[in-house]
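Multiple structures follow.
Each of the two complexes below includes subunit A, the first together with subunit B, the second together with subunit C.
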Partner chain A sequence: MDKKQYERPIIKPLNTGLMNKFGTRTEYTALTHIEGVSVKSLLADYGSPLFVLSERKIRENYRNAKRIFETRYPKVQFAWSYKTNYLNAVCNTFHQEGSWAEVVSRFEYEKAIKNGVDGDKILFNGPDKTDSDLTLCIENNSPIHIDHLDELYRLTEIATKMDKKPRVAIRVNMDTGVYPMWDRFGFNYENGQAWDAINKIMATGKLDLVGLHCHIGTFMLTPSAYGVAASKLSDLAMSIKNKYDKSITYLDLGGGFASKNTLKGSLLPGSDSVPEIYEYAEAITTAILNAGFQPDDLPYLYLETGRALVDDAGFLLGSVISNKRLSDGRRATIMDFGVNIMFTSFWYDHKISPAQEFGQHTEDTILYGPLCMNIDVVRENITLPPLKPGEQVVVHHMGAYNISQSMQFISLRPAIVMIDTDKKVHLIKSAETLDVLEKGELLPEYLKEFSL
Partner chain B sequence: MKIYGNGILNSYSQIFFSNNKVFALLLLIISFFDLGAGLSGVLSIIICQITAVLFNFNKELIKDGSYTYNPLMVGIAIGMFYDFNLSFFIILVIVSILTLFITIWMSTILSKQGLPFLSLPFLLGIWIVILGVPNFSALQLNPKEILSLAKWFPALFNSVTNGIAALPFADVIHLYFRSLGAIFFQYNDLAGLIIAIGILIYSRMAFSLSIIGFSIGFAFYHFFGGDFSQLIYSYIGFNFILTAIALGGFFVVPSKKSYLMLFFIIPVIALTISSLHTLFSIVELPLYSLPFNIITIIFLATMATRRKHSGITLVAMQQFSPEKNHYKYLNSQNRFNNNTFYHIALPVMGNWKISQGHNGGITHKDDWQYAWDFVVLDEEDRTYQMPGVDLKDYYCYDLPIIAPSEGYVVEIIDGIEDNKINEVNLKENWGNTLIIKHGEHFYSKLSHIKKGSFKVKKGDYVTKGMVLATCGSSGRSPEPHLHFQLQTTPYVGSKTIEFPLSYYLTKKDNKHQFHSFDIPKEEEIVSNVKTTKLLTDAFLFVPGKTFRFNFEGKKIKWEVFTNALNQTYIYCHQSKSTAYFINNGTVFYFTDFYGDDESLLKHFYYGAQNILLGYYKNAKIKDELMIDGFFNKLITGLHDFTAPFFHYCKVNYNFEFSYCDNEHNPSEISFNTHCIASIGKKEYKRIDYTFHLKEGKITSFQINKNKTAQCEN
Partner chain C sequence: MAIKKNIAISDSGFLFNPSTGDSYSLNPVGQEILKLLKEGKNDEEVIEQILENYLTDRDAVEKDLYDFKNMLENYKLTDDE
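== the complex of A and B ==
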């Protein structure tokens, strides 16, 4: 029998009319192992805090999404959204599964090339593409998703100079009935900008219009909005077919599928309120199949799903630094991970589980990070069992955006490991040291010496 | 009056089921061993040709000699035995035309049953002369002494005879040669030797069959104490030879079994010879080839009535050579055995598992044995996500069902609720069902559909791939799945038929295997084949399309045509060669080639033998080609002897993609193919081809990496 855990005593008011005589419990159970590897051993081996990625989960998510789409539509292609998590180990896991790459900057593009993705399988999105980026894309035959007219003109010029016909898509924004409308990227559908841009491309004949792209928002909780987007894109494709007798190769519905994270202020936890992937798939594929394409002339459906495929494959492990009580009597716990490595805590209430067994009592707590900054709040309010310094927790749904948006602010970035499908742990990024932080820093000669 | 030279020559070789010109020439020469017989034979053909033209009979059958080989034999026979005079010519004209008419009449009667008329018209014609003419006192046919070259060149004939006499088994060899010669009424060894050489040139299989057939016949007479005088009298043993060639390799595809069958057929011939000999000697009528005719026709007619054609296979498209019949049959058996008129695809999108196949253990039994059940699996081979208690947890539930082929919706049953998991509705066991009529007596049925999910209605015309409804769990369905079957009647609950799916992929260990005209098996993960526009465009050879190639400084022009049978072919104007091809939207393949073996078209035929019109990075297609054209004549000739029993020469074809500038909408694709001819395991010859496609066209193809044919249009 295990030795009984000691928990410090707590004082809790009993509210009437709520719950039962046991009061509120934490919604979570202890998570002692990830993919069969104990949290304790992971932290002992790689230090705390530590990012952990589950390769099995990544592959499972991808295959699941792929199956859901492919059994509803005959031509589907996923492109891994690099910005969601551009660790090479993660990108290559997706590439091994057959996913292409979707990038929004030069370094992401170069990363994809370096990872071995063929140029024609890298979709280049985003509003900021330099002449040199465009030239590189043309040389590599990568589809360029045009964001604005200035880019269209520039690209036309470059293509003319190079005497090559780059493959392009235009990004279309539209009203899908969802607020906020993302109209800062691409050409608007309703006011005719998109159709205008298409006509410009077709009229010059310098660019090969192969696709139509949209990305209607992020963490979309309304699948039907995708149905609207898919039918609007299909409409454009049909119009192109009718006017120019040109079949569009692909409709890129972008990303934005929600993960199971809980948005701040939402009534229910993400696991209960977020749509399943099949609901998005249903809306999108039904819209395209009903758009009137000939069965042998259906466009490919490209998806740049990022978050929904990787979020729940990532965990952040950390340890308690200290407990304290605030002036208003609230309990506060200081963790060794802060907002510099969990950017998403600004909009999610992350699920956090203790990594060791605990008793039945819980307490409302505020979770702070280790940074000496007032904004470093990991969870404003969470019900957790009493934790002792040195005890460990697991933050869930950390796979998307946290690693790519993390920074060395006050504390350096921790190590990242990936647990493979045989439960073997691989270090995929070492914990940072001062050298990493100072890499590229140049100190003028006259500043080298000083005496205090 | 037009005389068809080819028709004359072909009449000679037709006697031996051949259209080989060299063989025909040899036979023509033999017929002139007796000048009268030779002349009378040619005359008889000419008379028939003139008659046929006057009466507007089918000219093609005159040209290929099939109408005239019987009159030819009658002509030779009477020219052999009677002197030329006025009566002779009157009778020659009458009997030639009569034999022609008998030929045409018999061919119309027998061809309806797919049977040959062989030399029956000759028998009737010659018997009419033998029996009828003596009764007309003024028609004087004077028996003449057989005028043979043997009289003038005895040394030549004797040397052959003596040469044979020195060999072991001389008696049998004499008898074999003389029996061969007897077909042309030349009862000597030289004629037999020349005919034997002719047969050898024409076909090694026919030659080996003639020897095997004759030996069996001889052995039968020998061991069972047969009356050898019957065999020596007019050398009636040629019946063994003709039957052996006809049933061993001409009307029946030559194979181990067809050769083995001779051990039954030839004794039957022997017995028939003997019995008919007894009968016919009463009326003093020669038997000639009657036993061969009777037994061959009886055998073929019997074989044609079999319920299942296996083992002994009748030749469907006559190639006029046992070799071609053999190789062609095996090749098409390998390649297109299961090709069907209707092309049925999978009724679903993406990867599905066959949870119950043909003769499945659960419900696909008896009348419903040829059906498939489909479900969707995850990586753990489960059909549902946890907890699996709700219909929605099942991956295939509510997934679209698509039309497997075009047709009319003839039946829709809707309104049956989906069952809860693990419950079945035995009362309305098929559940919601949709039946499509694809053609006369050909329907497909989809069952257990979700209530109210139908996107089509009764009477709608649906095209392949159109969404029809969604997968449900109505009827006898404990968990969501799709039932799919093909049937000949339009009813729910109709009996199933065994019918292959045209093209699909199976997935194993993340690799795709391409299947054509195959039946998916239980447990297989299957999906439909996607085609690629560049490939379908580049290989869309519509009639009238021309190709202009620049090949080694020469300009070559090809043109696509369609013949009366709707078969499409490429014709090369320079080499006058034709290559027959089929493009069914998923695969492009060649079926036949006629013409110049050295031509560019022949290389194209080899290189583009079998092309998948959908780009799959690692897709490989293997095929086997016919061996002719790859090996030299000696090797092929020797191989022909053993081919019915085993093949040691082989030509393997391999296809794979080598380059694609963009998988989804390529503007450039290259693929490599190669043919490896091997003897045993040793490579004998290899030809490599590389094809380049760009912007919807074939731009060039390379032979052996050094010769390139540039397409200029």
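== the complex of A and C ==
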């Protein structure tokens, strides 16, 4: 007689009458393959854990967003938000699709140049631009998005010295009716700071004001807020036109579109509650088109969409280290990936699928990472089938921020592969070794010797 | 460990404890172990039986049985002896 498949014995209390609107079981299917490549073979070839990116999904997301905006507005340009995921393979996939670069630091800027992006197609944002950064931007004709008055004055001084007229935009913050209001970056619209900065720029004539930029928040669940932002930027652009007879080349609406991840505490999963790209597009383009621009004088619409274009193209594969029972009877499972490579687990309840077939019985489980630190909790509560040590799981929606914010804390960072559109697997970053961690570290001579 | 005599287990793995009114669901392995324990089998006999019927190893079954019995106690499905 053939032996049956073994599954850990489970006894689970059935609670009736308790609040359980959406049921407890969330995963009905195992995810055994990503883009046609088996999870098992990926982990066998590249080790566990492993980040996997789908090139097809990145391109599809980009083309979809581009189509949605371009069917509503004639002049659209995307700039890939480097900080969201600055792996060169990811950046270049976006560049191949026609996306420019949006950077917020010198090394990101240099990365974009190294990747082959023309200087005039790199938008430099952020509050921290050194004199040397500004000089480099001026030399390369990169649009500089001014964040504060000190930067405005410094830039004016540098431009005067260099006898060049840099292309600039100002970052505008505003009340769009959502909380929290991001007013730490840029100049405020409502209290007149933004208009004041514009007048200063126009009065000196040293800078070429080509754009207006805003970035109203992150993981925005209210598309109408973008409509308010686009109206306010358009209003500033119209005021510039009226007062100085100058047409603004572009309005940059920044990023912040939500991905399909599920925010902690939200009633519905991200797949059901997050707005679709067309809803943001509709709000933004309607506001600009109705703002009163002459048809031949419409500004370009720049978008720095990051998360919404790459999050669902990224997966983290990992394995079970052990199961244990906590003192209160809760089941706990220890995985081989932790918060050092899953920064977003602090605000998302990531969807996690078993990578092998499983039975119909599930258990409420707390998922821990491998770090010897109490904060290393991957999911505080998840319903999963019983998993044995060595069995594998797939974490979804991992493409945004996790890789750029990962750190070698206790565990070194794993390898990253990209599956191309022909289902071929490419290693795009090797797993780290101690050498990588210690690169640049210097040990003073007198500390080298000791006896214990 | 003795399982309470009055608890009822259905063929589909539904367990009812008439003294408290609580009900539970069991997966097939859990169901089989509980049945063996109810018949008065000791740990060794339970492990042997599971090893005979399922694709697994002794270490895994031993560990899981220990944990499972803890849960039965936790849910007060055993008789104090």
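Throughout what follows, the second predicted complex is superposed on the first by the 436 of 452 C-alpha atoms of A that agree within 3 Å, B and C clash if a C-alpha of one lies under 4 Å from a C-alpha of the other, contacts with A are read in each partner's own complex, and residues count from 1 in each chain.
Definition applied: a residue touches a chain if its C-beta (ideal position, glycine included) is under 8 Å from a C-beta of that chain, and two chains touch if they have at least 3 such contacts.
Quick caveat, the model's predicted, so the values are computed rather than measured.
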Task: Determine, for the superposed arrangement built on subunit A, whether subunit B and subunit C clash or fit.
output: fit
Task: Mind working out whether A:13 is in touch with subunit B, subunit C, both or neither, as first, second, both or neither?
output: second
Message: Looking at A:192, would you say it contacts subunit B, subunit C, both, or neither? Reply first, second, both or neither.
response: neither
- prompt: In the superposed arrangement, does A:292 touch subunit B (first), subunit C (second), both or neither?
  reply: neither
Query: Thinking of the overlay built on chain A, is A:177 touched by subunit B (first), by subunit C (second), by both, or by neither?
result: neither
Field: Which superposed partner A:388 touches (first subunit B, second subunit C, both, neither)
entry: second
Query: Which partner reaches more residues of subunit A, subunit B or subunit C?
result: B
Message: After overlaying the two complexes, what is the shortest C-alpha distance between subunit B and subunit C, in Å?
response: 35
Message: Using the superposition on chain A as set up above, list the residues of subunit A that contact both subunit B and subunit C.
response: none
Residue ranges of subunit C in contact with subunit A within the complex: 15, 22-30, 32-34, 50, 52-56, 60-61, 64-65, 67-68, 70-72, 74-75
- prompt: Which of the residues in subunit A end up touching subunit C in this complex?
  reply: 3-14, 325, 329, 359-361, 386, 388
- line: The residues of subunit A that touch subunit B in their complex are 59-60, 63-64, 67-75, 77, 120-121, 141, 167, 210, 247, 249-250, 282, 285, 289, 295-296, 300
Message: Could you list, by residue number, the parts of subunit B that touch subunit A in their complex?
response: 348-352, 376, 378-379, 395-396, 398-400, 463-467, 528, 530-531, 533, 661-665
